[in-house]
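See the structures that follow.
Two complexes are shown next, each including subunit A; its partner changes from subunit B in the first to subunit C in the second.
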Partner chain A sequence: MSPLPQVLLDGLVAGGAYALMAAGMSLILGVVKVVNLSHGAFFTLGAYVAYAMADRGIGGPVAVPLAAAIAFAFGVFLGKSFINPARSHPFALPVGTLACALLFEQAAQLAWGPHPLAVDGGAPWPGPFGVVVRRWGAVAFLASAAILGALRILLVCRPGLPLKLVAEDEEIASSVGIDVEAVRYLTFGGACAMAAAAGALLAPAGAITPTMGRGPLVLSLIVVIVAGMDSVGATFLLSIALGVLGNACAYYLSPQWSYVALLCSVALLLSARPTGIVAVPGRRD
Partner chain B sequence: MIRPAPLSSGWATQIRGGWLAAGIGLLLLFPLSYPDAYLLDVLTTGFLLAAFAASWDVVGGIAGQVTLGHALPFGAATYACALLTRLAGWPFPLAAAAAVLLATAAGAGVGQLASPLSGPFVAVLTLALAEAAHEIAAGHAFLSGPGGYAWGGEGGIPVVLPWGDAPPIASYYAALAFLCLSTWGILRFSRSESGLVLRAVAGSPLTAQASGVPIGRFRRLAFIVGSAFAGAAGAGYAAHVGRATAGDLSLELSFQAATFAAVGGRGTVVGPVVAALALHALFQGLSLPPAARVLLYAGTLLVTLRFFPGGVAGTAREVAARLRSRDRNRGGRRRRGGEAPPGGSA
Partner chain C sequence: MDTRSYPRTLFPGSLIVLSAVFLHAIIAMPVFPADKPGDAVRIGVLAPLSGPYAAGGTSFVQAATLAAEQANSEGGVLGRRVEVVAADTQGRVDVAKSEALRLVSREKVSALVGAYLSEETVGVMEVAASHRKVLIVPVAATAEITDRVRDEPARYRYVFRVGYSIPQWAELVVAFLSDRSVRRYAFVGAGIRWNRELGDALGRTAARAGISPAYVSYYSPGNPAFDPVAVAAAGSAPDIVVLGDPGRNSVSFLKRLREVAPGLPVFSIGGALGDARLAASLPLSGPLFVQAAAWSGASAAATEYAVRYERRYGAPPVGYSDTLPYDAVGVLAAAWRKAGSLDAAGAIAALEMGAFQGVAGTYRFDADHQARWGTGPGDLRGTVVRWERDGARIVFPPR
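On to the complex of A and B.
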């Protein structure tokens, strides 16, 4: 029996959840205009929340919204207290968001230890051709697709107008009465909640460690650089492609090589398209 | 030939120079007071870290290219020292020279890729390259030594040192001398013509480009010089610790350098050195688990960025300058004898 269909299916499922995280990151890049290097930490936070809940016998349907709520609270705090005031200092943002990520990684290590933890995802359903459909996988894929669909509708409908306007031109947005600062920190919080939801959905997929968010962070960076903020569909497809590739790499080589491959692709991408990043307009002086 | 303007005039420079000399004197005197061996070791490591922080400042401070992968040349140098002395049997000084060359070459490569980028994307690119190197070094026991020992992986590769176990006091003085030399070298560079052009490029790339400065070439130069000094610090670290480990390439190390620079003031060279010594001695002296130490670094950095965006030293200097100018204004008004109402507008 070839393991290939199973590897592809698991990659597809993981990619769907990564799309949720990547869409959050591109929202941050588009609206707040910040490359959020702490995005991976929120993914890890979601996974640990799912673990802590599963440890108490409470399943995913409660853990995912809880993780999202916790991440939203922290995201709003971070956006309001650090990102908004520090936005005018180009040095502070990448270094500061990385500091948040390391802070969380170390805090998680102190709280839960450096050892990998696991969440039991329940017995899988047998599918055709000897492929098993993992229960959590189906839930993760469908939930991510639903949230992304909602985001897409939000972005083209009236309630999403402030987001697009702030992304387009903050001065015009504030001149028509939009509270730009509030839009920024709420977007930041919401995007962090999306990352945490992705982490909670994918918690049964593998080992939960303090640094597990780094791979998804790099994957989101690639997606954001290529796809930009407006095209939720492109984000979704690209994340799935990368999820499948990453999973195949992890299965046939080793999980570490999958991370290295992602890192090398982001480096290649940046050196090939130094100015082609869609969503970051230059600062207007 | 461009001449650097004096960075700050009069007594301020004199006092600062004096304090620096006093600090070096104290550090020279310190081992003679029969200190704890652990404390001596902490300071020796601190000197090497401080030299590393100063080399970060060439790229991240003077040239304004915020790199989060500065551990790459550092770790490349420690690994080169270990591999060349272990496998090729080179004597340590030769291996160290080769390691510095390798680090410089790595810096040239990273600079080549990073020079067209700006802002956060420099950080992302350098972070990705260094993380890739870290993963490769950490995850693969790619060598097996004599006696069936696996080398590489998290345990690292031992370095062959001709002097075996050096007395701690000798390591201390050697590291201090290295720190003084490399800081002096970086200061010379930062006040040379290239250094001044780099500051102009960091200040406004567009203006520099419009004045005919090939900004890509100068940014590459910053990466090359910074990586060469980082490689030298890495070779020194390999000699002190006697082992190249994956931690030498870690994101945490790059991040530490950025923290030191942010606290000490980016672009000041001496500021990051002082911050590195103070923070390292403080946090290492607290005898905490390593995880808690990184936590403290991250917390310190966030507080600094939030409340002192120009670094602690930079903000203090700004406040002092503001106070001084206020004094001067007050004095001026008094001299003018109340001709104009204070703050009055026509």
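On to the complex of A and C.
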């Protein structure tokens, strides 16, 4: 039996995971206008919360919202106390958020130790044509699609208007009475919650370690750079495409070529469309 | 006019909380014995205590510290206390070299033990050779270490390896595969130097035993792509999958493989899956074998060590990245005692001529300063265990 359906399905799941991380990153870049290098740390936080819950016999339905709530609180605190005050210094934020990520890694190492931990993902479901459907993979993909769908609806409806206005022009937003700072730190907290939800959803996929967020951080940055910051749909579809491409290259060429192929595709896309594949014309600076 | 308002100072609460976090980090940091020079015999231990290899590095330093405590409980070395001075290499060659230099020149250590990765250790060899300090290599396996000692004995005579070299490792793995009547194996690991050298050596050694590779693959540590590798490895229909990854990725790969091929036997040789805390949540739908230098129950010394380690650190040893550093410090202390001095020349002579009892067995060094591991008479043989729901059971060597 051909392994192609399995490879494609696994690519879909991997892409869904990239999308959830990337959507949060995209929100922060678009609204707060900050390269948040601590995004991976919130992913790790979510995975550790899932582990701590699983250790007490509590499953994902509680762990994922709990992880998101904790990350939201941390994110709001970080946004209010550090991101907003330091925004006027262009180099302070990437360095500062990187420092936060390293601080979190050290704290996680002190709290849980450097050794890998694991959460049981349960037995996979047998699918048609010999395809195996990973339980955590299916849940993560559906949750990713649902969260991104909700975000898309929020951005086109009235409650999302402050977000769009702040993203478009902070001066105009401020002049119509929007509390720009509050929008920024609440957005930052919401994006951190999305990263933590991704971490909790994907905790059964592998090993949980203090440095596990570094890989997803790089992949989400790649997706955001290529997709641009204006379309949730483009972020989702590009994430899926990169997931499938990476998996197909790993299977048909070599696993080590998968990363190279991913980065080459990104370079080609960016050389063709330097502003990302979805660019909104006429944005005010 | 700029209508944006930026507060001029950081939110005061955040400063208080950040200060508290830093203070907690400093207070809660792992404490190793005092580092001031004096009458104590100081051993510099190089291992990654941060970064992706921090798990193995932490066990490494813990075991070395335990060995120093054991040496002190036996009267120390030449009537002096033994102290471990730990240095964090971060898994990077440049840091490992600069830390080795610091240990030798500023901390005044009498010898070095380390490092962890092959790449780091080759860098540390240069420091040891140029400062004429004995270097005991516990876990780095690249053949380049013994090649250098063989090719330039005058320069690298300070370097001894207690761990197994790549050719010896391949011999130990093939001995186990032959015992299990394996005819075809799949080899999977991270695309790092150690895995590639071992994959090649395993192919050559296995061919002599009539065992052939069905699939060989190295994934990128940056984007491991476990899913397609697991699908391809299972699809090649091997009798067993040899998993060479020394880090956390071994857990992820095992999970993926068990999802597509639940009953396929896996033989983990990277050490990471020997962790009992991890084993409880690993999928055991098929046999999971783990290679170790020694395991509780393999000998009285191994059992005693495992009990002491667990009592000291709250978790059993993994049998590789802790056991070999423990033996490295023990062998070094015994060599100094035998030589009657801390002089490097005396220690080298003692190490070249002597036999040293350790947890994994009796260490003897060949002409290239390599401990004798293998399947010959008098060789150290290592241990293979199989994880089961109620713990690990020793399955090799057969008794």
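One rule holds for everything that comes next: the second predicted complex is superposed on the first by the 236 of 285 C-alpha atoms of A that agree within 3 Å, B and C clash if a C-alpha of one lies under 4 Å from a C-alpha of the other, contacts with A are read in each partner's own complex, and residues count from 1 in each chain.
Heads up, the rule we're going with is that a residue touches a chain if its C-beta (ideal position, glycine included) is under 8 Å from a C-beta of that chain, and two chains touch if they have at least 3 such contacts.
Keep in mind it's a predicted model, so treat the numbers as computed, not measured.
Enquirer: Counting touched residues of subunit A, say whether subunit B or subunit C comes out ahead.
Expert: Per-residue touch count on subunit A favours C.
Enquirer: Examine A:103 and indicate which partner it touches, taking first as subunit B and second as subunit C; both and neither are also allowed.
Expert: Touch status of A:103: both partners.
Enquirer: Touch test for A:37: subunit B only (first), subunit C only (second), both, or neither?
Expert: A:37: touches subunit B, not subunit C.
Enquirer: Return first, second, both or neither, reflecting whether A:90 touches subunit B, subunit C, both chains, or no partner chain.
Expert: first
Enquirer: Under the contact definition given at the top, report the residues of subunit A touching subunit B in one complex and subunit C in the other.
Expert: 81-82, 85-86, 103, 105-107, 109-110, 114, 218, 254, 256, 259
Enquirer: Please name which positions on subunit C make contact with subunit A in the complex.
Expert: 2-11, 13-14, 17, 21-22, 24-25, 28-29, 49-52, 54-55, 57-59, 191, 217-220, 222-229, 231-232, 235, 247-252, 255, 259-260, 262, 272, 275, 277-278, 281-283, 315
Enquirer: Can you check the complex and tell me which residues of subunit A touch subunit C?
Expert: For this pair, the touching residues of subunit A are 3, 6-7, 10-11, 13-14, 77-78, 80-82, 84-88, 103, 105-107, 109-110, 113-121, 123-124, 132, 134, 170-171, 174-175, 180-181, 204-207, 209-212, 215, 218-219, 246-248, 250-251, 254-256, 258-259, 262.
Enquirer: Using the touch definition from the top, list the residues of subunit A that touch subunit B in their complex.
Expert: Of all residues in subunit A, those touching subunit B are 34-35, 37, 81-82, 85-86, 89-96, 98-100, 102-103, 105-107, 109-110, 114, 214, 218, 221, 254, 256, 259-260, 263-264, 266-267, 270-271, 274-275, 277, 280.
Enquirer: Which residues of subunit B touch subunit A once you look at their complex with the stated criterion?
Expert: Answer in residue numbers: 60, 64, 66, 68, 113, 116-117, 119-121, 123-125, 127-129, 131-132, 135-136, 138-140, 251-252, 255, 258-259, 262, 266, 289, 291-292, 294-295, 297-299, 301-302, 305-306, 309.
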